[in-house]
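Note that chain A is present in both complexes that follow, paired respectively with chain B and with chain C.
Here is the complex of A and B:
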């Protein structure tokens, strides 16, 4: 636990001092939402609130890619992997800390994105349930962060990692995102989500549990050369 | 080298390691007794760094047998990591973090108390520079920080890859002091074998991945 806390502190300090990820993610998410608003017409968007909610998730997925492709960048660029891998601490702590940091960065980005989404697209009184959307985002972020940290470790020493990571990530993330989109869309009145939302949350929690176990068990081997 | 009844600090028997098709280490065998300091020499690309990285449990051996303190690698890697202090080509520290923050991170990874951090900063001649970002330290001071990091947990086996690189006279004297005081074994890759006169117990020359 001490190793996990120290590694998480390190990841947060690196971002706080380097400001590499979160500003870029916020700029991207704001830019994407503004572009959609200006280009497609906001509340008059064809497909209305349902289409806007789907677009929000597209923006969320691509924002998360920004965070994932820079995972372990410092370790790679400064040859620090050898220091971490030769230490006796459980290597899974490296994965857990990276996933936790990514989860926090996604949370910060979405704290900016959600109000904008409401402002730009949901002025006609029909909006997805905030509780369902927030729960779906939290569970999806957790899954994305855990899966992403595992895959980022896997490709960290591969030459074409910036290309390979999205190619590996998107198919694995597809079930997660499609269920989260369905839950969010189904919570828009006159539908109220209800049982479907609970089933969706259950699926997201199961997905997160599976990738928590896989990440914890496999990270040691995926970073081994 | 080692007396027959003592478990060697390091034993390699036919160690082979490849990078794709290229053979970096080709059936290398060596033994380092407890307390022995072995110099690895050889030109660039001879396999010195690869050998040290295998011993540091960073790389898996592809063939042959490798044991540290009698524990086979990679099977027992977790058991031997607390005994190893590794200084690589790079100092293995985060440039954005201060020297002290880097050492705090590694102290947590090695389960070492924070009080040891000030001791190794002083040992490396970095007392007073602990609050400086590692990236703002000179090459030589970063190398000292790498040495401080490797000595944090008082390892019984030191693996040093060109440890004199970038060090000024004071840094070299401190390195000499660290090696002279170190009671455990050490494997040191160097292009300056003469500098280690009086500190070494044996040499192994590598050429194209083979013991020459």
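Here is the complex of A and C:
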């Protein structure tokens, strides 16, 4: 636990001092939302709030790629790996700290993205339930962060890692996005059945649990030597 | 030559013979024995290819992942190839599933692809995962590191398969048209159809086992040849 706290502090301090990742993610998410707004038609919103809600999730996934691609970049570029691996601590602490840092970075980015989403896309007072969307985003971010930390560790010393990571990650994002989109869209009034919030959130919690267990168990193999 | 070297070709030959016989029997049953489906007509016979190929693909993915997990626990490099070969065959059978499924969809529903169908979508996710496995494997130099990375990703697939099945099922509520092969009451088809399906499934699994044995042998010969070349190069 001490190792986890120290590593998380290191990740947050590095970001606070270097401001390398979060500002880039915020600018990216704003640009992507503008792009989607223009893509759905400048004046009239093609597909309405439902299409926009689906595309919000696509933007969320692509933004998280930025965080994942830069995961362990400092460790790689400044030769910190050897120090981390030779420390007498459980290696899963490295994974847990990286996942927690990514989770926080995604949270900050979405705190900017959500108000913009409301501003850009919502018309006629119809919007997905804020509580459902926020809970779904938090659970999805957790899953993305935990799985992403494992995959980022996997490709950290592989050539063409920036290209490879999204390719490895996207198949895992598909079930997540399909449930999250359906749940968010079905919370837009008038609600005529569809996927209940509890059922959707239950699935996201299951997703998080599975990748928490797999990430914790497999990270040790990824970073050995 | 010792006994173990003689045993391997025998196993592959036996599997190939069994696959040829079962495949001939399956084809004979599909075209001359099984009755024509009342609603879909003659073209419904593609079912006896499509469903066994799809089930064989799942079998191959599971086999690859199990051997990947065994490799991580034991570090026996022979298990790396035993994990890679089923994953590779899984791509071939997976592509065939998508092609035969698409043909059947066009015949039965008049569309090449239907996004509302949970089984098609689930299969596509797993197929993309398998393609990503190869991207990873061929980005790493051959050796233990590549074996570990491939095994870790293959094991992650074990998490993805149930999540895809549940996730797509939860998200899509209009799955009304995909034929249900099995339900809680057992096989959802007539006795002769079920028998033909079982023979076709046995033929397809035996064919995949034969391909596995042959490819595994080829890969082992490749590895030995590379080792000999390295040795010869080093000595020169």
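Criterion: the second predicted complex is superposed on the first by the 215 of 225 C-alpha atoms of A that agree within 3 Å, B and C clash if a C-alpha of one lies under 4 Å from a C-alpha of the other, contacts with A are read in each partner's own complex, and residues count from 1 in each chain.
The working rule: contacts are C-beta pairs under 8 Å (C-beta built on N, C-alpha and C of every residue); 3 or more make two chains touch, one makes a residue touch a chain.
Bear in mind the structure is a predicted one, so any value in this text is a computation, not a measurement.
Chemist: Contacts for A:17 in the overlay, against chain B (first) and chain C (second): which applies, first, second, both or neither?
Modeler: first
Chemist: By the touch definition at the top of the document, which applies to A:203: first (chain B), second (chain C), both, or neither?
Modeler: After superposing on A, A:203 lies in contact with chain C but is clear of chain B.
Chemist: For A:154, using the defined touch cut-off, is the partner it touches chain B, chain C, both, or neither? Pick first, second, both or neither.
Modeler: second
Chemist: Give the label of whichever partner, chain B or chain C, reaches more residues of chain A.
Modeler: Counting contacted residues of chain A, the larger count belongs to C.
Chemist: Would you sort A:87 into first (chain B), second (chain C), both or neither based on which partner it touches?
Modeler: first
Chemist: Who does A:164 touch here: chain B (first), chain C (second), both, or neither?
Modeler: second
Chemist: Of the residues on chain A, which ones does chain B touch that chain C also touches?
Modeler: 224-225
Chemist: Could you list, by residue number, the parts of chain A that touch chain B in their complex?
Modeler: Residues of chain A touching chain B: 2-3, 5-7, 9-10, 13-14, 17-18, 74, 78-89, 224-225.
Chemist: Which part of chain B faces chain A closely enough to touch in the complex?
Modeler: Going by the criterion above, the answer is residues 53, 56-60, 74, 78, 81-82, 84, 86, 88-90, 92-97, 101, 104-111, 149.
Chemist: In their shared complex, at which residues does chain C touch chain A?
Modeler: Those residues of chain C that touch chain A are 72, 121, 125-126, 128-129, 132, 135-136, 139-140, 145, 148-149, 151-153, 155-156, 159-160, 162-164, 166-168, 170-173.
Chemist: If you look only at chain A, which of its residues touch chain C in the complex?
Modeler: 147, 150, 154-155, 158-160, 164, 167-168, 170-172, 174-176, 178-179, 181-182, 194-195, 199-200, 203, 206-207, 210-211, 214, 218, 221-222, 224-225
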